[in-house]
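In the two complexes below, chain A is the common chain; its partner is chain B in one and chain C in the other.
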Partner chain A sequence: MAIKTLDIIRRRVEERPEELKKERANGKKVLGWIGYHIPEEVAYSLGFIPIRISVGGDSKLVEVGARYASSKTCVFLREIVGAFAENTDPYIQETDVLAFDATCLQNFRAAEVIEYFFKRDVVVLGVPRNVYWEEAIEYFTQEAKEFTRLLEERAGVSVDKKKLAEAVDLFNKIRAALKEIYQYQASKGNVISWLEVYDLIQAGYVLDKQEYLQLLQQTLAELKEQQSYIDIEQEAGEARIFISGSVIPRGDRKLINIITSLGGRIVGDDIWTGIIPYLDLNIKEISPEGIALGYLNRTPHGALPYLELKTDKRLKKLHGLLDEYKAQGVIYHTLRYCDPYTFKAKETKDVLAQSGIPLLEIHTEYAGSDYEAIRTRVEAFVEMIRNQTIESEEEVSA
Partner chain B sequence: MSDKKLFRYSEENKERFLDSANIKFDDGTEVTPEEIWHYLTVEGPAKYPNSFEINLYQGNRGTRDETLISSLKAQYLSLTLSERMEKAKDKGKTIAFIQGGQAVDPYTAADTIALRPALINSWYAGKTHGETIYQRNLRTRGIKERAYNDMSFEACQTGGYEQIQAGDLRVDIVAPYSVLRCSDVSYGLEAHRHGPNKDVKLFLADFPMRHQADKKWAIEYFAKNLRRLTKALDEITGKETTEEDLRESIKLHNKGRRLAVELADLWWSADVPPTNGGDRGSLVTLGNLEAHGDAQATLSVLEEARKEIEERVKNGVRGHGVAENPKRLFVLGSCVGLNNYRSEESGAIVVGTDNMWSHLTTIVDEEGDPYYNLAKATLEYPYEQSIEKRALWTVEQIKRSRAEGVIFIHNWGCNTQAAVSRAIVDVIKRETGLPTFISERELGGLQHEQEQNRVNAFIEMV
Partner chain C sequence: MTNINAFAGVDVGSLGTKAVILVNGEIAGSSLIRTGINSVENGLESLEKALDSANLKKEDLKYIVGTGYGRISAPYANKTITEITCHAKGAHYLHPATRTIIDMGGQDCKAIRVDEEGNVVDFAMNDKCAAGTGRFLEVMANVFKVDISELGPLALKATQVLPVSSTCTVFAESETVSLLARGEKPEDIIIGVHHAIANRIKGLFSRVGIQSDVFFSGGVAKNTGMRKALEEVLEVRIANPENDPQLVGAIGAAVSAQRLYEKSGNVSQRSA
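What follows is the complex of A and B.
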């Protein structure tokens, strides 16, 4: 049985651009954001409608973006720049203020380029690289205060502690609901797929937050009714795949479709546009900087270097998620010129090999020319994993 | 051993050369002009024939102007870098691998030799003797390919990774700055954590972004990074770097920076270029005092260079190989440059660059907290500012140098320079009306002919 609420969500996403137009006509302001550390709660409490700008999969826009930001910028950001140049994406059209963070240097550069060429009002949150240092926390606290000040200026109001607490509560509930739904997709007898949850997560980038929470809770209720248990175990003949690496935004479903069309079952991810931003977010203090620090203390983004392999939180989290979702192999997706993840591909492969987990790196862009090449490689990988499962089952039964 | 025919510096210049000053080194030793001449004419060609090969474009020769004494001395320092680094290590000196285009004041204060990627490559390459240009290029490109495999083939330059990890170079610490100029510094540093050389220490000085020089908290944060940096270096040297040490180092480096600016101003003031573009570039950048792994030696050559340029300007000397009324080019972008010889052959000359020059022009305040002062100056580097601010500073330099054409070069995979190339050039065009050109190149790549064709076409157009 299908989850009916998912259809409602799809419809509401389609209707959202028109709604935004009306909201703006009524005096509301839209804050479009791109990054990993943007504290959405702060923007929300100030009365902005936060929209996560996320486009992908369009090689024409990538080409357009290259005219402004060069062909050496990562494919995702090149397309973002291209989308600002074309200005046909409804969310880009409806954005009043843009917020970027400096987590990824290329993200920061994209902010500069968009500000320069398209005269957009851009606010940037500085992010330290040595995030484990006390001094870095002090610096980030100041950056969060400055970021808030700049948003307050644009909103025309100051942060209200009560509204901020309400925003935190709302966003915490959204995160909790998403985490719970995510468990269902990885279970035996699942009635919702990873891709459906992935789309559900990305619907939250644009929908009204109150409505989104209500739709998530409705989805959960349906799930509980149709799937009475969560039992995350490998099943016979399964090839349970975990996706790691570069961002996979809305519009880019090339790799995901290849994996699923070949019978691979995606059971988890740790990508920037997937579940990872919603995990381990613990806000200890209701203040803009308290929220920002909560964001900073999650699993670090690949753009933030960590100099000791053994205690790397990102790799530790990856191991934890692989274990939790009983994944048998990792497809490591790297986008052209996405340095934060391409530089880590070999290392991640070597580290996972020590735990007996195979990793396949797929380095790609939005053009379709590599489709068949990727398909062949993924097919072999899925087959290998499935054979391993069969072999280990035979060993057990022998 | 090479069987190629080698050139020899002309004896005609020997007498003048022998009348010049000694080079003084950080450890108090000196080398006389006689010893340098012997090295350049006997020992050097035997060890490094690739630098003395006779070919159309003079191979790896550091200078083509045999009468420019300071440039010959800079060539001597380049050729001896590898053996000097080996000796320094034998004596227990600490060596850090750095990246980020920064001034090296804190490393000098902490009694540490700071080497950038090109110097790490030279140190490694210089350990093998008797190679031809072809043999050396083949070997160093092989290293780069292995590093691509270990990191990413989309790396801009592999930043000495393979030389440090597998090349048996005695580097104690990899300690770069995470500046915006380079997208790969942080990732290249992190890559060392899984290489075979696990003994090398790692440190990152975290460079804040976005109007950083206008934010007191950003300056304070970076100052704390610098304190941590000297502490990390102290843990290796076993010494304690005091604020006074840093203050003294800043004074020393300010001296280098001021001299370099004086030299550049003299050069720009001349009606005819007093040297060719290659010599201009290598002499000006001596001002960083890190170009040869020895601050005092570099300073003594720089002092001599300044006098030589002044003399040449006074006498209206035209630089070796410089055409009559050459087209003056300003080159900006990644830490790479044009082929000076071939550009001059086409009737142009490089009269300025933004890389390195940006921090040479930034004098550090000598009074007060040296860490804060150095942090403030570093965050003020024009090269690291926003598009408009950086471009307007570049426009000033273009005007000072009287350039007639502007080339923005970004290296293959240099994402953060490539990303702003069009915007920067856009401002320059708007403010100066000069013709501009954006070019991509690859360090040590094989497509130089294509690159040069495009550059030559631009020169022809100018």
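What follows is the complex of A and C.
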């Protein structure tokens, strides 16, 4: 039985651009943002409508973007730049203020390009490379203060502690609901797929936050009615795949569709546009700096370096998620010129190999020319995982 | 269906279509034809020829596995399997001590690691570009105005390895033309081209590792110059079975057909 609320969410996403137009006509301002450390709660409490800008999968826009950004910029950001150049995306059209963070230095560069060529009002949040140093925390605290000041200036109001606390509460509830829904997709007898949850997460980039929470809670109620248990175990014949690596924004479903069409079951991810930003966010102090530090202390983004392989939080989290979702293999997606993830593919593979978890690296871009080549690799990987499962089952029965 | 214990593997590659018939676990027939524009017809034609060479009819076959890039349209097959798995099975069948496979076909090359049963444990493939493929060598053969089969023997006559820096098909072509214009000996350039490819293949192995015995499969494996360059660059000895290396994928498909049949014990009707 399908989850009916998902249809409502799809419809509401389609209706959202028109709504934004009306809200802006009534004096509301839209903050479009791209990054990993942007404290949405702060913008929300100041009265902005936060919209996470997310385009992808369009090679024509990538080419347009290459007229402004270096061709060594990743295809995702080149497409973002291309989308600003064309100005046809409804969310880009409706954005009053843009917020970027410098988590990935290419992201920072894209912000400069967009500000320079398209005369957009851009605010940038600096992010330290090493999140463990005292100096890094001090730097980020100052950055968060300055970022807040710039937003206050544009909003025409100052941060109100009560409104900020309400925003934190709302966003915490959204994160909690998403985490709970995510468990259902990985379970036996699941009535919701990983892709449906992934789309649900990305619907939250644009929907009104209050309405989004209400729709998530409605989804959860339906799930509880249709699937009375969460039992995350591997079933016979399954090839349980975990996706890691570069961003997979809305509009880019090439790899996901290939995996699922070949019978691979995606059960988890740690992608920037997936569940990972919503995990382990612990806001200890209701202030812009407190929220920002909560963001900083999550699992680090891939653009930040592995500091020590044995203690790296990101690898520890990856291992934990693989174990939690009983994944049998990792498909590591790297976008062309997404250097932070591409350079980490080999060491991630080596680290996972020590735990007996195979990793397949898929290096791709938005053009469709490599579709069949990717299909062959993914199909062979699924065969390999299934074969390993069969071999181990045979060993057990012998 | 007759009582003959016959199985077939059909490998529709980008340049060649191959079929192998296995009877009682032994290779009883095979065929190799040039791939045309209709992969279904190519597969069927190759299968018919392999059956003819084994003195069998299609009705004698208990199970057929299709592989290669043309596997996506193989209605004659009971099942399709990727060429990565099939090359692993084929190499293990021909040389059971195989732990690493270099497969260089018409449009891609692969580094495959296998266990003692011939199961894939890791693999890597070239990304997008034609460097290190049969198509690349075809272009090079055209530059030197020789048949592709002559490239290997010519490479072995080289007195020095001239460095060829480019493995992009287009740039390598212009680089070799420049070297010829400069008066360099074709043999020295050809071995240089082979070394450039081998160095690129070495990059694939940095991702999956290398372990003896090493097996070389695919159409390019017929090229003795490529074999020598790989042995020098990878610093390994490559096993040298007698069978045509271009048939390894089809052999693996036939081996898989037999295994799948024996495991299921109950085979559905073929559709073509």
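Throughout what follows, the second predicted complex is superposed on the first by the 397 of 398 C-alpha atoms of A that agree within 3 Å, B and C clash if a C-alpha of one lies under 4 Å from a C-alpha of the other, contacts with A are read in each partner's own complex, and residues count from 1 in each chain.
Criterion: contacts are C-beta pairs under 8 Å (C-beta built on N, C-alpha and C of every residue); 3 or more make two chains touch, one makes a residue touch a chain.
As the structure is a prediction and not an experimental result, all values here were calculated from the model.
K.L.:
Following the overlay on chain A, give me a clash-or-fit verdict for chain B and chain C.
P.N.:
Taken together on chain A, chain C would fit alongside chain B, as the superposition shows.
K.L.:
Between chain B (first) and chain C (second), which, if any, makes contact with A:Lys346: first, second, both or neither?
P.N.:
Touch partners of A:Lys346: chain B and chain C.
K.L.:
With chain A as the corner point, what is the angle to chain B and chain C based on their C-alpha centres after superposing, as a multiple of 10 degrees?
P.N.:
The C-alpha centres give an angle of about 70 degrees at chain A.
K.L.:
Could you say whether A:Ala2 touches chain B, chain C, both of them, or neither, answering first, second, both or neither?
P.N.:
In the superposition, A:Ala2 contacts neither chain B nor chain C.
K.L.:
Regarding the shared-chain residue A:Ala221, is it in contact with chain B (first), chain C (second), both, or neither?
P.N.:
Neither partner.
K.L.:
Just checking: does A:Val157 make contact with chain B only, chain C only, both, or neither of them? Give me first, second, both or neither.
P.N.:
neither
K.L.:
With the two complexes superposed on chain A, say which partner A:Arg109 touches: chain B (first), chain C (second), both, or neither.
P.N.:
So A:Arg109 only meets chain B here.
K.L.:
Which holds for A:Ala380: it touches chain B only (first), chain C only (second), both, or neither?
P.N.:
second
K.L.:
Go through the superposed model and pick first if A:Thr73 touches only chain B, second if only chain C, both, or neither.
P.N.:
first
K.L.:
State whether chain B or chain C is in contact with more residues of chain A in the superposed arrangement.
P.N.:
Touching more of chain A: B.
K.L.:
How far apart, in Å, are the nearest Cα atoms of chain B and chain C after the overlay?
P.N.:
In this superposition, no C-alpha atom of chain B lies closer than 5 Å to one of chain C.
K.L.:
Which chain A residues contact chain B in one complex and chain C in the other?
P.N.:
Residues common to the chain A contacts of chain C and of chain B are 346, listed in rising order.
K.L.:
For the complex, give me every residue of chain B touching chain A.
P.N.:
149-152, 154-155, 178, 180, 183-184, 186-191, 193-194, 202-204, 206, 208-210, 212, 215, 217-218, 220-221, 224-225, 228, 386-388, 410, 412-416, 418-423, 426, 440
K.L.:
So in the complex, which bits of chain A are touching chain C?
P.N.:
Those in contact with chain C are residues 346, 349, 358, 361, 363, 369-370, 372-373, 376-377, 379-380, 383-384, 387-388, 391.
K.L.:
Under the touch definition given earlier, write down the residues of chain A that touch chain B in their complex.
P.N.:
Listed in rising order, the residues of chain A that touch chain B are 67-74, 102, 105-106, 108-110, 112-113, 115-117, 124, 126, 128-130, 133, 135-136, 138-139, 142-143, 146, 303-309, 336-337, 339-340, 342-347, 350-351.
K.L.:
Give every residue of chain C touching chain A within the complex, in rising order.
P.N.:
Counting only chain C, the residues touching chain A are 69, 72, 81-85, 108, 117, 119-125, 127-128, 206-207.
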